[in-house]
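Chain nomenclature is as follows: A, B, C, D and E, assigned in order of appearance, with residue numbering initiated at 1 for each chain independently.
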Amino acid sequence: MEAQKKIQIDPSKDALIKTPSGAKVILVEILKDKVALISAIFLLLIAAFVFSVSIILDQDQIVTVDLLAIFEPPSSEFWLGTDHGGRDVFGQLIIGTRNSLLIGIAVTVLSGIVGLGMGLIAGYFGGHTDNVVMRIVDFFLVLPTTMIIIAFVAVVPNYSLLQFTLIMSAFIWISMARLIRSKALQQSELEYIQAARTLGTPHYKIIFSHLLPNLNSIIIVNLTLSLAANIGIETGLSFLGFGFPESTPSLGTLMSHATNPQIFELRPWVWLPASILVLVLMLCINNVGQALKRATDAKQRRG
Amino acid sequence: MWKFIVRRMLIAVPQLFFLSILVFILASQMPGDPFTGMIDPSITAERLAELREIHGLNDPWYQQYGRWIGNAITGDFGQSFRYKMDVTELIGDRLLNTAGLGVLTLLFSYLIAIPLGIVSGRFNDTWADRAIAGYTYVGFAVPSFIFGLIALFIFGFRLNWFPVSGSVSPGLVTGTFEYYISKIYHMTLPALSLALITTVGTVQYLRSEIIDIKHKEFILTAKAKGASENRVYNKHIFRNSLLPIAAFFGYEITGILGGSVFIERVFSFPGIGDLLISSINNRDYSVVTALLLLSGCLAVIGTMLSDIILSMVDPRIRIK
Amino acid sequence: MGFLQIKDLKIHFPIKAGILKRTVGYVKAVDGLNISLEEGKTYGLVGESGSGKTTTGRGIIGLNDITSGQIFINNKEVTKRNIKEFRRDVQMVFQDPYSSLNPKKRIIDIVAEPFRNFEKMTKQEEQRAVQELLERVGISPDSIFKYPHEFSGGQRQRIGIARAIALKPKLIIADEPVSALDVSVQAQVLNFMQDIQKDLNLTYFFISHDLGIIRHICDHIGIMYKGRFVEEGTPDDIFTNPQHIYTRRLISSIPDIDPTKRGDIQLIRKKINQEYETNTQDYFDNEGLAYPLKSLSPTHRVAMPEGS
Amino acid sequence: ACSDNGDGGGSSEPSGTGEEEGSEETIENEDGIYSLDDFEPTKIADGEAIEGGTLNVGVVASSPFEGTLDWQHYSISTDNDIIQFFSESLFTMDEAFNITDEGAATIDVSEDNLTYTITIKDNVNWHDGEPVKAEDFVFAHEVIGHKDYDGVRYDASFRNIVGMEEYHNEEADDISGFNIIDEKTVELTFKEATPSLMSGGIWYYAMPKHYFEGVEVADMSSSDQVRREPLGYGPFVVENIVPGESVTLSKNEDYWQGAPLVDEVVLTVVNPDVVVESLKTGQIDIVTTFPATQFADNADMSNVDWLGRVSRGYQYTGFKLGTWDADAGEVSYDPDSKMANESLREAVRLAVNYEELGNRMYNGLRFPATTVIPPYHALYHDDANPGFDYDPERAKELLAEAGYEDLDGDGFVEDPNGEEFVITYAARQGDATAEAVSNYEMQAWRDIGLNIELLEGSLTEPNAFYDRIEEDDPAIDMYSAGWNVGSDVDPSGIFGSQSMFNYPRYTDDTLEEILADGLSEDAFEQSYRQDVYNQFQAHINEVLPLAPTLYQIDTFPINNRVSGISYEVGNNDYGWHTVQLNDENAAVD
Amino acid sequence: MSDNTLLQIQNLKTSFRINNEYYAAVDDVTLTVNKNEILGIVGESGSGKSALGFSILGLHPKDKSKIEGEINYKGEDIAKVSEARLQKLRGGELGMIFQDPMSALNPLMIIGKQLEESLILHTNLSKTERKNRVLELLQQVGISRPDVVYSQYPHELSGGMRQRVVIGIAISCNPAFLIADEPTTALDVTIQAQILGLISKLKNELNSGVILITHDLGVVAEMADKVAVMYAGQIVELAPVEELFANPKHPYTRSLLQSNPTNNTAKTKLHVIQGVVPSLVNLPRTGCRFAERIPWIGDAAHEENPQLHEISPNHYVRCSCYKTFEFAPKEEVADGISAN
């Protein structure tokens, strides 16, 4: 015997939980959370700086080998010194950060779109559709992801940012799909979705104009958090020797120089700034993400 | 219970089948073959062709696959081109090392994660929670190899507390007590480095789980019974929040396998992660395919284990 | 023949199990219902939780696939294929005024949704139509750009009703439309529903577990138990002359608003419970299900074994 | 030729061999740039040796050793590094890589240079006490020539043995070219005489036949006899193997040159990334190879002495000038190919300042290569050949003379037909410097007006690289690679028209003639042969199918407590028995 | 305070911190509960019923709430005692029954253990004694096979059975005082009837005082000895049950009764209260809180600072507006629903 569904109405509780747009709550919540606010500002500054400076910077110039300047320590000419090719680390850091941000964003967006699509379809239609999607997801779940990715990277010809993004996204969409599916399933149980169906609204419209907006905040939070993960995603591969060529600087490439003992101990300026930057970026994005999470989860909201 | 396990295994069969095809195609698509690296002007083209023919490398992939899967089912994964020994034997040694590393890692990671998660969840939004959150973010952000390298240089070389490479001291006879002690000693530092990373997820999960359960109505019931704060935590919250962690145990296997690739490299630890990378570099297909398939199996077993544990600890989905 | 005619409606949900998720059995959520309802009238469906009320309602509007049986509206059979035709004629009002309105949409978008699906209207026409509807349900037409959370539960429920009547439907299925509301708000909504019923000559299929409300609003009542009817009749038939033990038990369980009658009620309850326990087999078959209905009067039918 | 794996290039993995007495050397260098003159190859035994002791050897490798511990079967240099401690060659060689009489066996050559009589010394015994017999030497050949043999050693020089092909094709049960005289003596007859026979054309090793009793040839490489309990007659006896990681050996009291001075040798695999740390802390005394890029930073390490010698490898820039005709089994040179112009190739070589590159990136441990026979072959390397000077102006002139001129003013030359001229350059991934090196080269080429592009914009993964070079991928016009030379100087394997490893796919009549001449009857005369190879070096520098770019110096750190060790070129007497320790504990930095 | 008095609440005010300001959800509540007496508390959602119940047991989070006034339980002001003392009382002398039987039970603990917990905390019984007591309790709340249920998990029980268990927990230490917060809202009417029967039976057996919180007037009519009607955090009317139903005074009480369809068998229009229940932050803090919902009677009818008046023995009404209150004419009511 199931419990009778008696939903207690409490206007005041209601007013607390469901404010007009997620955006406003999010804004308020971030403004309230000093750490998140500082993080967000910092992030924007870094991104703005990196993107604007990298337009001015001559990328060819930066990746040009200069044998007269190998392993220069930081100086007024080379703010962060040079690497084993005499290349300016600072310039590489700027372009590397830009590239890593681009990778992070691209992987996040791409895997987000695929995951979202699959999740929405599975969650909304349920039944057999859900079954099929979940079998695919199950299959990906048992893949030894790291290992397969490495194997993949070894196979792909013409390996570059684009290929990397595609390979990564191919494995990362799973978690998004799972999350969205479960949330979509929950939402589909809700009566407004049923209502739309009884009103004769076509499926695609229900999905896009009813379901999607209500998953907004979850999606945003999730994308933010996975952005943090994706920014550093290529570091590991770089370490294993499956990273990008040095002519494509990335934070991972810079960091992976740490494996070289003469750089790790004696020339920390090559790898340390990138490592710190990755750390800072991730912390900032995480802080923002956590604030967003709190904003969307009334229970944890501060204040 | 048995029915459940059998059912899970049956589901795993097609998964592993797909995985094997994927893996095999991947391997066969890799540029070069085991003989590409063998550049020796005194070997003639004919000899190379002969060797390629002997190893069946000239057949189309599906024929090679058919042969391979046929043997694989009987447990024969062929020979490693490079190591010239049976893949099963080759992997066997390494697998034991990685397994040991994994177990130790899990142990460390739970030893670290559970107290941290509990403190962080119970006293959420206090300074302790914030400090722990800081640690988890850093752990999340710093790639495992940087962690490993730093640990290696500090504890291995500067302080000389731990051995810096290998899985066992030279000269010890397999099976002796010293041998095992030495093994564990060699695993400690890599395991600790890996654990520092894997801990992060568990801490965060435990924290949010505890915060979640804190707000459940049955906690109110417990309080209404007159249970003290401590009792509420010990009897109701921890237990309830630890169970899903226990159930994650199986899933950790995949994570640790992935992490081992990096850590084994850093510590020159002869495990399967390290073997995978060198086999990919050497185009040692039979090893690559066997390893990927093996990790797939481990992942399947892991998820199955998780399901079983979950179903054992959670009465709501208990298997009849 | 009535406006809404349901013949031997069965809705079964498969229970899946085993490796291949084979169907091992069925939940017979609705198991052979016959309903006939005239235009402009209200049919009330009561029963305990899980007895299949919601499933019936959803079956009529096409949210659940029907296993067998037929549904006629205005003497035309509703099938899966022509369900679109009936979309305009049949609408639904939901239980939860909170979850039945999309929190991310403005009132105008919510109420205009059926127009957008079925009618080509300009923005102005649409806005005017929505405002008219809102006015009709007693909500200020100025509020079209507000969001659902800015309304109280009762107001929301009325917005839901506005949406349901937008296309001038003939039949409205109301699944527990007021059970989530406080008594005072309940009253608003119930009054209002009665008002528009008259205005628009609506037919209601009203689902509730609250016998008080059912009695108040319905012309005909069906008592459901495990997917079947145990008794069917007018409010008078049911409340003054309940025949089936289950009905009697249900009615006796309603707390009376008069504290002075406490003692009597306890006694009646006790008696009925005793009878319920001792004489079950007189009212239920071996599987614990209700017998087929037998007519006692033109309006009143009860599930009794043959020959009793 | 026996151990000539292609190697080098961006990767700095020189493989070292041998040792004997020498003198001490400390590296102090003002400008931080080193040259061969800064190193001695030998550290002679000095000081009071302690009784016994353990020598810790770091086997430098980024992954575990393979463990195919048998001369006949191993294929990777780390295994080689290990085998030498317990098993050794029957023969010693001089600096010209000619077999001498000091080894465990002596060799006599017949008048016609076709028959060789090998006599194993009496006191040479396997570790299990069995004498090393003539049949063990024959057995090694029977294994390698067996049709089931899965190693890579069965090559042209084996087929040159009388009766070998019949044996390989199972037409004969034994190899008729062998004639066992007595237990310790055997005659070996070849089909064709070449001067190469005495410098690498003969298999150096014996295989304990009694020990492999009952093991099928096909199973040998995975047998315990090879992997777990290998048997040799060298200075040390294998005690324990931790697969892939370490090998412990104890001294062979019965060693034919007398018992070694140290009691125990422990070989441990050390990752190149931690070699320096392991040396500093004294965890290892010596290493098998030392990563070149790490030398300069650690030249002043106080607890080691640095030995060094020229490496057997050289780097080169190769030009794709034709294709491999698999049916004919020879290269097909295409005189119309993109890089066919000799001046163009010369300009490419002249444009890059390899001296600067070597000094800056490798602190002089790499230096400009002059010819394709490195100084490792001291006897044949033509010191007089000046090679190429860095001369970008001359390079531009050459281009202009050949008709490569910048017509559209974009800074890059067009080809003589006025068409746009873009060169695709392939280079391998390797150590940390690999990419910087190719970038540097490409910048230099651009500076002389060549429009050069890196293949697919990045360094190529080594396997893919060789795959594409081998298959003459038309996308590649020019590439950079390296060769390690073997003990036999004959370069036919790389330059011969019938060699698949002739990657440039270049040949001409003169070249073919010279190569044939180097193996002719006359070439048994050393000076004649030297002459031929001087011609060869000059010819290659002229036609330049591949342009030698860098030679390298191998360095060897030796802990202060160790002496009596030599890395002299040509020496293959693994006389580890003379190594001594002067202290119980290794010196620490 | 007579011997018979169990609980006496004086001017209780419970406030919650929202955006760093405190808002009173329970305001100026004064009431008494005697032994073997059920006090029913009715009111619409958000009127502060639960907040009142939680305040008595001190279950509100300390950092986010504030309690003022007195809660005298057997002469001890339990609003001011230490947490340790409260823990002693809770589950021992003071029992509480929650609304939703599913979520009120720990899903991972067997029923027996959950029942046993209070016994461990409040009695010195041995292990076997405790088990016997638990089985006895299960029997007492009408569970037919206690030994089976003992080792079952909550999800294996039906809603009605779970609610019985929740009640069993509340009465395990024979509490002198019981708070039942909407114990039957989640249940079907037939089961509701059983559970209500059970509660009054137990009350009689244990001779305890009960506060029964509900929004259902019928439940109150059936169960309570006296009734407090709450509106916007305040008690607006308090009277013995017969008196209240026979002679309701406060406009709110009267409106509630009027709008109940059970009361309206004639199928006429139901009564509607104009406007909405104000939210906690928008609550009028001065004057009669119900005034804005009965605007037609005019401001003059209300007290400036409304207090509870004892208008007849034991019949208290807040604000003098009851005196002039009349139901509005029909049109006004129609107007009422178009508010906003």
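Structure notes:
By our rule, a contact is a pair of C-beta atoms (placed from the backbone, for glycine too) under 8 Å apart; a residue touches a chain by one contact, two chains touch by 3 or more.
Note that the structure is a prediction, hence the values are computed from the model and not measured.
Across the assembly, the mean Cα position most removed from that of chain E is the one of D. Ranking every chain by how far its Cα centroid lies from the centroid of chain C, the top place goes to D.
The highest number of C-beta contact pairs joins the chains B-D. Distance between chain centres (mean CA atoms), chain C to chain D: 89 Å.
Rounded to whole angstrom, the centroid-to-centroid distance between chain B and chain E, based on C-alpha atoms, equals 54 Å. Mean C-alpha positions place chain B and chain D at a centre distance of 39 Å. Residue numbers of chain A whose C-beta contacts span two or more other chains: 1-4, 6, 8-9, 11, 14-15, 154, 157, 241, 259.
Annotation for chain C: residues 48-49, 152, 182, 185, 209 touch two or more other chains. Annotation for chain D: residues touching 2 or more other chains are 274, 277, 461, 464.
Within the complex formed with chain B, the residues of chain D that make contact are 1-2, 4-6, 62-64, 66-68, 73, 75-76, 150, 152, 154-157, 221-222, 227, 239-240, 242-248, 266-271, 274, 277-278, 280-281, 283, 326, 329, 461-464, 466-468, 470, 486, 492-494, 499-501. The touching residues of chain B, when paired with chain A in their complex, are 11-12, 15-16, 18-19, 22-23, 26-27, 29-31, 125, 133, 137-138, 140-146, 149, 153, 211-212, 215, 254, 257-259, 261-262, 265-266, 273, 276-277, 280-281, 288, 291-292, 295-296, 298-300, 303. Chain contact summary for the complex, chain E toward chain C: residues 44-45, 159, 188-190, 192-193, 196-197, 215-219, 221-222, 224, 241-242, 245-246, 255-257, 259-265, 267, 269-273, 276-277, 334, 337-338, 340. Against chain B, the residues of chain E that register as touching in their complex are 57, 59, 83-84, 86-92, 95-96, 98, 100, 103-110, 114, 117-118, 121-122, 153, 155-156, 166, 169-170. Interface residues of chain D, counted against chain A in their complex, comprise 273-277, 293-294, 297, 356-357, 360-361, 429, 432-433, 435-437, 439-440, 443, 454, 456-459, 461, 464.
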